[in-house]
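Once you've had a glance at the structure underneath, I'll fire off some questions.
Chain IDs A, B and C follow the sequence of writing; residue 1 opens each chain.
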Amino acid sequence: MTSPASAGTGRARVKRVRLRGIARRFSRQLVLRGIDLDLKQGEIVLLLGSNGAGKTTLLRILSTLLAPTRGSAVALVESDGADHEVDLFALATWRRDFIGLVSHASLVYDDLTGLENLTLFAGLYGLPPDVARSRAETLLGDLGLGDAGDKRVAAYSRGMRQRLSIARALLQNPSLILLDEPFTGLDQAGFRIVCQMLRRLREEGKLVVLITHHLTLPDDVIDRAVVLRRGVVARDGNPGSMSLASWYEEALA
Amino acid sequence: MGAKRTEGGTRAKLGAFAAYPVLVLVAAIAVVVSLYLAFEVAPIEKEMGVVQKIFYFHVPSAVGAYAGFFCAFIFSIWYLLRPSDRVDALARCGAEIGMVFCAMVLTSGPLWARPVWGTFFVFDPQLTATLFLFLIYGAYVIVRFVASDSPRIKKIAAVIAIFGFIDVPIIHISVKRWGGTHPLVEREGGGGLHPDMKVAFYFAMATFLVVYAVIYWLRVRIAAQHARLRDLEHEVDERADEIAELTARTEGASV
Amino acid sequence: MSDSTQPVRRRRARGAAEILQSPAAIGVAPGGFSLRVKQVGLLVYKDALTELRTRDTVTTLLFFALLMVVIFVFSLSADERVAQQVASGVLWIAIAFAGTLAIDRSFTREQEGNTLTALVLIPGVTRALFVAKTLLNLFYLTLVELLVVPLTLTMLGVSVPDDAMLCLLGALATGTIGFVIIGTVISAMLVAIRRRGVLLPIVLYPIAIPLLVMGVEATSIVLENQPLEQGWSWVKIMAAIDVVYLFGGAWLFGLVIEEE
């Protein structure tokens, strides 16, 4: 059994995701009512919308942790050097390590240190101990947590915890990266670090989808913005020369 | 879309099968015949007297209970492999009806045991097994009752139903082995039965199975109607939303 | 496996069915057995490290077990003959109650940072998680028993004949293993449920009753100096049940711990 360092045998790399007619119902409420979206690699997609518009639900469906009530999700993936179209959920039943998820919850253990958390998850993903450790240290450094690696997460500030969550999500080199409010609790320095990380992920050809209420992002981290309203796509495109805030206002008007 | 299709399918299947009234009629006649056989045809047992008549209802009730729990077991496995609301309803209804029959077993049992064995409860294999089953499927029904109706709860309930049924043979083995320390009980269905008693007994068993089928079917139909009603409510909600949105838009345009 | 190389026809779309390839056909595969073993090791190490730092499960658990034994022993008369008869019941009730506490705790840890979500995204980790949590709960229950068994027996003044010791240990081991397996599956299911505190005992005890009853029976045979063969035959049946529960549990765990 060879342990893949990053992309190895048996792994799939997601290049595009095609959503058609995605709907999801929670008891009496239809939260999503027919989402059509084409997402492709090398793109940072912003999901915008007011509370209850269905952003988190859509993200959870993309993470394959929640099945849609109806609709299809097809992924174009590269595996063994060739491209294939597969059902996203069928792929997920085999392995889900192509997904990097940052959710509302921190998804890390409070009683372990930052470094221990990352090496643990890297090990669970099958990385050999030395590779796991160096990968964890690199990511901690990249996210400005180099000095905090040996502190317990319980002692972290909110922003540090948020950055650790992002580091955790990137451990296994995923190709579909989903972030729910990655900017909450970040100070200016942290904000810049995360933006820098997003740019790098785009250069590496990842598909990045993020939910945010932060409308003053630097222009070059927005490739595309999708506004959800009452469970449907209200606007989809690039704000261009407009500021994101006024573009968003216009979409909701 | 999927939900609607299956719901419609259930209704169509049940509607098309007009045999339900026939089944009810058969059950009604069978119950009357069964009563006649038990009280008029079958002789009064020499040692136990009239009390023994309970057993024409006690044991057949157990058959009904097992039928219900078996439905819950089978459909729970099915649900875990291929989740759908319809299969879940089939499992849930089976457990509920099984509980009713099980309660009948557990009340009629002691009524019979008191005069015959001199005590209300004996660690007799079948009786103990039935009591444990009552507790397990009671947990199933409570979980369904207390918690919300999410797919997760449905899965949990399915697991309980499966473990519960796995426990049946285990309970039987364990309680049978107690023979040494607890009073030995002569089973009712033993060889010493009068032929007329046998006829009444087996007829009563068949009758209770038919009665079970009638109630189960009815319960499943009610569940299907509930699901249909819920779907309609959803549709109403959606339409209302759409109308509100359209009104807002036209008002915005006219201003 | 032959059919999985065929294109999969999926009817998720509203319109016509699409022909898609199956993940197996394009060389996507979850990791193998050695990875699973490694994952179990890591998960056990993680929980052990956390427990060493906080020590909250072990301390509350042992204190709770102590309380249980004291309450039971003092609520019973000190008559020697009665003591011999009730000792096995007291033992198993204390084990079951303390066990419920331990099993409940084992998944509370995963709930705090919602780490279970992070875990289910890792290929093949659910089986490893089941094994790891079962081993851990088994360890906690062993600790409890190390305290409860000698304490109950000495306080009730019941002695175990030397030759019966092995049988007693066998009964304790097989009963505990089965109880832990069921408990781990059930508490894993209940992680995200609102009323899980109430639901765990309600669901766990009825399912575990047969095994607990057998445990009581086997233990009382030992304590009442009845023929040991009877005790051993109970232990054998319980071991068989453990195997059934193990396979059933591993299968069900994978099904219930996943997403909605």
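The criterion applied here is as follows: a residue touches a chain if its C-beta (ideal position, glycine included) is under 8 Å from a C-beta of that chain, and two chains touch if they have at least 3 such contacts.
It should be emphasised that the depicted structure is a prediction, and the values quoted were computed from it without experimental measurement.
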| item | value |
| --- | --- |
| Set of chains whose contacts include both chain B and chain A | C |
| Chain whose averaged C-alpha position falls nearest the assembly-wide average | C |
| Most widely separated chain from chain B, with each centre as the mean of CA atoms | A |
| Pair of chains ranked first by number of touching C-beta pairs | A-C |
| Distance between chain centroids, defined by C-alpha means - chain A, chain B (Å) | 47 |
| Chain centre separation in whole Å, for chain C relative to chain B (CA means) | 30 |
| Intercentroid distance (Cα basis), chain C paired with chain A, Å | 35 |
| Chain A: positions in contact with at least two other chains | 70 |
| Of all residues in chain B, the ones touching two or more other chains | 1, 148 |
| Junction residues of chain C, two or more chains touched | 14, 260 |
| Chain B contact footprint on chain A (complex, rising order) | 25, 27-30, 33, 69-70, 230 |
| Chain B-touching residues of chain C, taken from the complex the two chains share | 14, 182, 185-186, 189-190, 192-195, 198-199, 202-203, 205-207, 209-211, 213-214, 217, 230, 233-234, 237, 241, 244-245, 248, 252, 255-256, 260 |
| Parts of chain B lying in touch with chain A, wherever the complex brings them together | 1-3, 148-149, 230, 233-234, 237-238, 241, 245 |
| List of chain B residues in touch with chain C within their complex | 1, 80, 132, 135-136, 138-139, 142-143, 146-148, 150-153, 155-156, 159-160, 162-164, 166-167, 170-171, 173-174, 177-178, 180 |
| Touching residues (chain side chain C, partner chain A) in the complex | 8, 10, 12-14, 18, 20-35, 38-39, 42-43, 46, 49-50, 53-54, 109, 112-115, 117-125, 128, 259-260 |
